[in-house]
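Just below is one structure, and these are the notes that go with it.
By written order: A, B and C. Residues from 1 in each chain.
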Amino acid sequence: MLRRPASARYIALLLALALALASVPAWAPRFWIYIATQALIFAIFAMSLDLLLGYAGLPSFGHAAFYGVGAYACALLALREVDGLAPLLLVGAVAAALAAVPIGALSLRTTGIYFLMLTLAFAQMLWGLAVNWISLTRGTDGLIGIPRPTLPGLATLNITFYERGAFFILCLVVAIVTFVSLQALARSPFGKTLEGIRENERRMRALGCPTFRYRFAAFVVAAAFAGVAGALAAMSNGYATPDLLYWTGSGLALVAVVVGGARSLIGPVLGAFFVLFAQLGLSTFVERWELILGTLFIAFVLFLPGGLVGLVRRT
Amino acid sequence: MDVLNLAHGSFYMVGAYIAFSVVVATSNFWVALLIAPLALALLGAALEVAFFRRLYRHGHLAQVLLTFGFTLVFIDLIRSQFGPTTRSIPPPPGLAGAVELFGATFSSYSLFVLGVAIVVGALLVLAWRFLRVGAVLRAGVEDKEMAGLLGIDLPRVFTLTFAFGAGLAGLAGVVAAPEFAIYPGMDASVLILALVVVVLGGLGSIEGAMLGSAVIGLGYVIGTALFPQFAIGLIFAVMAAVLVLRPSGLLGRRM
Amino acid sequence: MEVSVARLTVRFGALAALNRVDISVATGERRAVIGPNGAGKTTLLNVIAGELQPTEGTVHLGERDATSLPTWRRARLGLGRTFQRSTLFSRLTVVENLALAIRARRRDSWRFWPVGDRALNEEVKGRLEASGLAHLAGRTAARLGHGERRILEVELALAASPSALLLDEPMAGLSAGERQTTLGRLRSLPKDVTVVIVEHDLDAVFALAERVTVLDHGVKIADGPAAEVRADPRVQEVYLGPI
């Protein structure tokens, strides 16, 4: 049930998955490349939530706030004529991390149900801000006309991010970097201490560990990754709107993490693809995707709490 | 009950839509006022027995996730049945006018709502403190095993309590229907407010919920008057401030 | 490290779990705190450790007034403790449990990339052997027997290399052999480590302790060298009833 050292077979599987994904632009129709891009962005968001939920044991219902903050920060910068990829991603991460500082400082004084509700409340507060601070965010109209970023290396090769599949590959690279970084983090001394705090905070404190600081760090790091996902979303769609921060976004991310399998990082990736294909893919064929997703989700929570990954581990 | 149910907003929404259907069919608001709470109580009982009771030992997160799944289902069902457009129903005849009190004019219906709230609140507080059911619930939540050993039929108590809560949500939905818009997303707006009120007032305290709603209600009105744009933000700021100073809420008991 | 409490009072509503208790334990002393159930012994430990705030009175660790310090700061000053009910990392293995305790002591966990740590592994191995848990290294704590859990409970506290150790009924539920091992472990602690042990097992108490403090209903009724306290009629009355 707990993390085992990665076996050679597991790594091979991951590599195969990465390669398969990398090949997508070559054969898939544009519409499905778009959906896959959205799924990758959502996967990055879900992985950041797994750091909070699965590794730190913090059930946050307001994580979408950081996703949205990242999107808006990126949008605001892009609309001010900055188009380099690095600054745009960075500003998403930094803005989200900055937002996480006061929210984390206040919310992490509580645990369990209070934490859940506080994070939800703060996220809704930010949503309210996005809707009402019209001079900055243009309210429900949102910020539109966000161009794709540029990367100096690509320009010399005469490729832009408007090319078919180019932005998809970018998202894939960021997703892989996120996955590897979070895996490393989980196995680091920091990650192991976080695990101890999750398993028995009282004991950790009795052993001299300042648990608040570790949780706070995890909260901010998770927010930063969510911010990166948000920035990618803004650049992918070309706009940033308040509904990115709405609590149902946090809910769907939780669905992705749980269905995929918490504390595995690959689980949330699978879950993200699952949720997104249900949301965008299914809805073209089936009108009532929410019903199906909701029912499936209920089934998972009741019968497969370990998610898809848990299912695989059992067999 | 120490259960976090996100679908509670959905119960409210269903209550409002039942009111809508009944009024459209019979033009009788009072019938709806009677039917909706009963229907929701039955629905709540059924859901509790079939699904929710499995999750009591799995903690709040599992409950949150499960009930979140149900909100998706409910929204879909409502939307497919009634369509996405906003509906409304008029207040019942007899409560449609206005009344002069203390030199100010109040809508009769608002007074009616206030009256219902006070009556329900008072009944709940009295029941909680003086009837056995309050003590039984508290005991059951604190130590399930012990309560069971004492001969309390805990599953039944939980089902009844949950059903009662659902019924109240339905009642709220009916009462709200003539005053507010009826649309498929109304569960979210009321749920957030309800969560803020409950957390602010303190979990496990009915008086706290009443105090909380008074605070939030006043806060919202004052906020809308002073900074119309950020009234919602003000509410959350108030809740956050209270929680920072008193982590268990104003009148809460740490559960 | 010296451990002392002065005029310590803990009230829960009308009930005084501790009532103006004064205890002073010198550096390196072995002190036992005994008394019938409900005497306030665990409450005393919880206040010293910082999990409970006293209604009145102070807690001193060494020269420092620790009364308002949070638990983890007191632990960093050198205070270690065990819990009456084993408080382990149940879902982790014995090795992982010990590793966490050692890491917490070393305070070097602010590294965000995986590191191989030979020194850590060596120390874990050493402690496993000294405590007799080596054959259970890979077992998750939840699947240990009761006695094994109690031993791990003590080991976790020891892994923090405390300069003052609070032990809450470490012998409870142990087999004779396990009791011997634990007693041996405690006896072999460095001479400058202060030990405060709350125990019901009076044989262990008198085998280990130099001085004994007796509590009854939150009040200190005796405090002195082990032999004296043993012979004190008031103490016997409290345990055996009026004679």
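Here is the rule we go by: a residue touches a chain if its C-beta (ideal position, glycine included) is under 8 Å from a C-beta of that chain, and two chains touch if they have at least 3 such contacts.
Please read all numbers here as calculations on a predicted model, not as lab measurements.
J.: Just to be sure I understand: the centre of a chain is the mean of its C-alpha atoms, right? Then which chain's centre is nearest the mean of all of them?
T.: A
J.: Look at all chain centres (mean of CA atoms) and spot the one farthest from the centre of subunit B.
T.: C
J.: In angstrom, rounded to a whole number, how far apart do the mean CA points of subunit A and subunit B lie?
T.: 32
J.: Based only on mean CA positions, could you tell me how far subunit B sits from subunit C in angstrom?
T.: Result: the chain centres lie 48 Å from each other.
J.: In whole angstrom, what separates the CA-based centres of subunit A and subunit C?
T.: Result: the chain centres lie 43 Å from each other.
J.: Which stretch or stretches of subunit C touch subunit A in the complex?
T.: 49, 51, 70-72, 75-76, 80-81, 83, 87-92, 96, 99-101, 103-105, 107-115, 117, 156-157, 160
J.: Which of the residues in subunit A come into contact with subunit B in the complex?
T.: 53, 59, 61, 106, 109-110, 112-114, 116-118, 120-122, 124-125, 128-129, 132-134, 247-248, 251, 254-255, 258, 287-288, 290-291, 293-295, 297-298, 301-302, 305
J.: Which stretch or stretches of subunit A touch subunit C in the complex?
T.: 1-2, 184-185, 187-193, 195-196, 199-200, 202-211, 214
J.: Quick one: which bits of subunit B touch subunit A in the complex? Just the residue numbers, please.
T.: By the definition above, subunit B touches subunit A via 4, 51, 54-55, 58-62, 64-66, 68-73, 75-77, 80, 188, 192, 195-196, 199, 203, 229-230, 232-233, 236-237, 239-240, 243-244, 247, 255.
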